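Should a chain be cited, it is by its letter among A, B, C and D, assigned in written order, with residues numbered from 1 in that chain.
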Amino acid sequence: MEFASDNASGTAPEIMAALGAINAGYAPSYGSDPAMGRVRALIREVFEAPEAEVYLVNNGTTANSLSLATYCPPWGAVYCHDAAHVEVDECGAPEFFIGGGKMVKVPGADGKMTPESLKAAIEATPHGFVHSVQRAVVTLTNTTEAGTVYSVSELQALCTVAKDFGLPVHLDGARFANALVATNASPAEMSWKAGVDILSFGGTKNGCMGVEAVVLFDPKKAWEFELRRKRGGHLFSKHRYLSAQMEAYLTDGLWLRLARDANAKAAVLEAAILSVPGARPLFPREANMVFAYLPRGTHRRAMAAGAHYYLWPHDETLDGPDDQPVSARFVCSWCTTEAEIEAFATLIRGRD
Amino acid sequence: MEFASDNASGTAPEIMAALGAINAGYAPSYGSDPAMGRVRALIREVFEAPEAEVYLVNNGTTANSLSLATYCPPWGAVYCHDAAHVEVDECGAPEFFIGGGKMVKVPGADGKMTPESLKAAIEATPHGFVHSVQRAVVTLTNTTEAGTVYSVSELQALCTVAKDFGLPVHLDGARFANALVATNASPAEMSWKAGVDILSFGGTKNGCMGVEAVVLFDPKKAWEFELRRKRGGHLFSKHRYLSAQMEAYLTDGLWLRLARDANAKAAVLEAAILSVPGARPLFPREANMVFAYLPRGTHRRAMAAGAHYYLWPHDETLDGPDDQPVSARFVCSWCTTEAEIEAFATLIRGRD
Amino acid sequence: MEFASDNASGTAPEIMAALGAINAGYAPSYGSDPAMGRVRALIREVFEAPEAEVYLVNNGTTANSLSLATYCPPWGAVYCHDAAHVEVDECGAPEFFIGGGKMVKVPGADGKMTPESLKAAIEATPHGFVHSVQRAVVTLTNTTEAGTVYSVSELQALCTVAKDFGLPVHLDGARFANALVATNASPAEMSWKAGVDILSFGGTKNGCMGVEAVVLFDPKKAWEFELRRKRGGHLFSKHRYLSAQMEAYLTDGLWLRLARDANAKAAVLEAAILSVPGARPLFPREANMVFAYLPRGTHRRAMAAGAHYYLWPHDETLDGPDDQPVSARFVCSWCTTEAEIEAFATLIRGRD
Amino acid sequence: MEFASDNASGTAPEIMAALGAINAGYAPSYGSDPAMGRVRALIREVFEAPEAEVYLVNNGTTANSLSLATYCPPWGAVYCHDAAHVEVDECGAPEFFIGGGKMVKVPGADGKMTPESLKAAIEATPHGFVHSVQRAVVTLTNTTEAGTVYSVSELQALCTVAKDFGLPVHLDGARFANALVATNASPAEMSWKAGVDILSFGGTKNGCMGVEAVVLFDPKKAWEFELRRKRGGHLFSKHRYLSAQMEAYLTDGLWLRLARDANAKAAVLEAAILSVPGARPLFPREANMVFAYLPRGTHRRAMAAGAHYYLWPHDETLDGPDDQPVSARFVCSWCTTEAEIEAFATLIRGRD
């Protein structure tokens, strides 16, 4: 009953196999491996972006931080949702890579900015006023931190606001695949066609061992990005092992299959949770994460029985009356099993 | 005939097997995996350092930069050898992590500082003078970038100079194992017993896929190090895959066997090279790297036949008279084969 | 009719005279001038803090940024009021000096935090959680940006919250003198006795040409502060000219006289403004700044006639109906004259 | 007998008078004062550069650091002379403002690079190699730290090397006026006509209280420079007092008169020093600084009698035999008097 995070899941067998296969013999280091050439071609094809530049790094914090630093000067404002990973969960990594910067929080229900809230936040940063940080970049997250999904038209509307102010857009796609299969959009529609300039394309949470691609739809920034990656300690020496993961991930639609599976499991889990008396959603369930209220007593019983997940937000607590609703986050991944969902369902229904 | 770098070698089978074995099921992320507990215990045992704190990162640039940043304030001087990786090969990563800092170059033959050259460099930084950067940390490299090895007593002498000035010592041990087996010292003797405060303990170049341990012999710095690692994007989400590599590496002396093998291969290669008329050493061969002069014509013939290695230093060139001696670097690893050494030997001897 | 800012005022004659007097002959540079010794002694006496260390810099942004950087690591959270100068008006200077950092905004009416809002903000930063920035320092402003004044007991209450979490406290005292004379507190009561660890003690806005003292009540941080000041380009070579200003400012209570005068003028100005039909306060007037609503038509007429002041907040506008109330900020200084207040009063009352 | 530094000298009477004159009434703050407009026009005229942008800061460290940061990315190499102020005397301020960077030392006798040494240094930084810092900017100093002066043709030759590599050039002109009058070049010839892109134009050492102009001959960088200045705490609130100094300095050739006077005094001082038996130059005397050897016993006697100057380089010492030659630096300024030179001459000649 492991619903703590898709980061606690393992590596998909196809990707393990690819690591084994790439291991024989020598390979040029630092990204000159032949597999990286294939990854580049695959990403360009998948995203219908023949000019895009592609770089691999080990995790999402890195992909996000390097992307933002490439578009935000040290005196720049980054517009992000209140709950964005870059604001809440990265120990100031974006500010480290940017060499300053200021995360400007944009409110919005269900983990989503609205065009209005984004516009208001940008306008609140005085333009061309030397005493203020300067408007620099908008960062969106899809799947959001609330487990909801921006539709392509929602993304377009937000990117339009950014473009109206001349601002580039970064998309944190740590769970890009989950958003994609939830909407049936194409990768291009959900990125550059909507107005995204740079994408953190997640692999780790969706079955890889540890790899994310950064896709620069504007290749003019590529060399700067390479230098920032090296200087941040994020250029792998035995790079073939990043390439092999990403290559297998993108081959034969593995990445989409894994995401579809995770989303489907979450739908089943959601149904089980909401069938508990007193349960109700915290956010709409649209991808692989369920945010819902359960009675505190139910949480206590579930956790005591070994279920792993987080109360959400972090200031929720098990202390208090049994029947009070307490919200929590439950994450499914490609390796969530029906059996563990069923076991959990049984547990929270309180039947033995 | 692959002698370009130990970074071009693959992952040892024992380590691949460990990755396969750890893959099943869920594991807590971000370093809370049980395997990390075992790694910590193993490092403490191997180094006879029960209080040491241990962290895993993906490569040597990161291990070095985080270590130096932990001991050097933004206004500090880092004393390193002229040819140190931190000075020459990291695109300013130490300065990025330090938030400034100044690499002060310490000269010395064969890739080694001497106590005299180190003392002179430290003294040249005025003490307590607000207009100057401040003396902060000494960083040594063993195996050195010239392929030579500091003996334990040489390390002690250098650390003594550092301590006389109240300075901590970092050891870049990207090839620590190769130095260790070259000297028959114990890990403790070659680190904290000699005066080392923080160690980059290499795995990647010696058969791992991509992992280095940073060993803090002074655990008071541990929490700061953890924050710096996270903030640098170097806390792996699926951390178990770093742990598994390091655990296998340290189990049953694998790390020492791999290093012994690489060193032994280099001895064979050295003999083959020096048997060529006109060949002579550039630096003494003491670990897994051979630095030697060969006639330019021999280099041309070898490279044309597909041998991979670097002319060294980087401003050497294949342009010029055939019989002129040109220096080069040849690196062996655990996966260098006798067959390829023999093929290379045949090639450079010019016999068909 | 100059009410735009106390920064637009000139230098008090006593301070100009001191600059003339100190000009003769040579003086040691970089803070070794004898006048700096006298300044140090004066500050220690005025603040009843014989151990305090004192440094002079040119402006408030610098005093604040260096102070915060001395107490906040690059991964730290700085708790400041929503409207704090360090958050709004310094182009990210604190983040630059800190090398990262995150300004965490604490809400509160009339420019003031409350113990409750401060406590909530601190608690919202997870303690000892590596994925989050870390609780680092609280910064208060007195006189606040809303022109209100924290009483000594209010300051004590806020410092107590900070201390309960083990956090140091910085006080932005760009208008410290105005707050002091408004409350009749002693300098010690309004700083270290209340719990302040480091103080930006303003001179520029209150009659100096350009000098602020940073007072470190904990002298252990002094050397680090000196290095940060030098490295930021803020160690003056001909330092005597900073010293002379501060010495004159502190001599014979000049600083208090100037502040009393500015506050008194603001009281007169406030009365004139509030006598206009439709006028009302935006914030309580407690020191040298008046924040009030006037009908838009009145603003138009005043500005057209050459009155200088800012609509406040910055998104207020002269566009719209004449009779709508629009808020503005009016600042008095030691060189505001009764004549210009009277002229302004006449103007806004609409009498010729 | 004050020869320690031109920073120990006072402010010229014309400049003091200008400060007094500008003090009356209000003035817009933060660089919007009318006097700044006049300064901009004066600089453009003096430099025959109608497009140049001009900013004022308080000291040379700031002017240099902001200039270098404007032209050097965090991963860039700055080519400077071994003895450059930016390398030796600024506590790492350039690295702070750059956010990293690496000072690459270029050797050369008498404080001067040569085209050959500069070319060799640039070429030693591998081009387009991601593991290395990248070639970014060349910084020259005129008058040099050795008191020598680059002629216009020498500057041209160095700038030509820089331009051949596509690199911009910064000139540290803390003693620009002294170099100018030593060569009879025009300001334009010694700056942009020779190939300089950005200039630190010194005022402080040559009679101002504390002001340097940064002249951007390429105005495209102006807004970035403004933001960097603000963010570094270097935008003065009561800016008129910087403007007034610079305006007076540039009016009626005051700056050139002051520099001519300082250089002339240094010539007299040099003659006095070299007349001592055993004395000889350390560097050629070309501007307002004398670097020379005197017998150690002579130094002892002079210092005991109250003469102020520095042994040079800093590791010279008064400990040792009396008759051994020991080198020192003696600086003249506009306020050096013939009387003190004569007193010193008498002292070192040993006649009573």
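One rule holds in what follows: contacts are C-beta pairs under 8 Å (C-beta built on N, C-alpha and C of every residue); 3 or more make two chains touch, one makes a residue touch a chain.
These numbers come from a predicted model, not from an experiment.
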Chain C and chain A - chains in contact with each: B, D
Those chains which touch chain C and also touch chain B: A, D
Centroid-based (C-alpha) most distant chain relative to chain D: A
Interchain centroid distance [CA atoms averaged], chain B/chain D, Å: 42
Whole-Å separation of chain centres (CA-atom averages), chain A against chain D: 51
Cα-centroid distance, chain C relative to chain D, in whole angstrom: 34
Where chain D touches two or more other chains at once, by residue number: 30, 74-75, 90-92, 96, 99-100, 130-131, 134, 227, 230-231, 235
Residues on chain C engaged by chain A in the complex (per definition of touch): 74-75, 88-92, 95-96, 99-103, 123-124, 126, 130-134, 314-315
Complex interface listing, chain C residues touching chain D: 2, 4-5, 7-11, 16, 19-20, 23-30, 57-62, 65-66, 90-93, 96-97, 204-205, 209-210, 227, 230-238, 241, 308, 335
Of all residues in chain A, those that touch chain D in their complex: 30, 73-75, 99-100, 130-131, 134, 224, 226-228, 230-231, 235
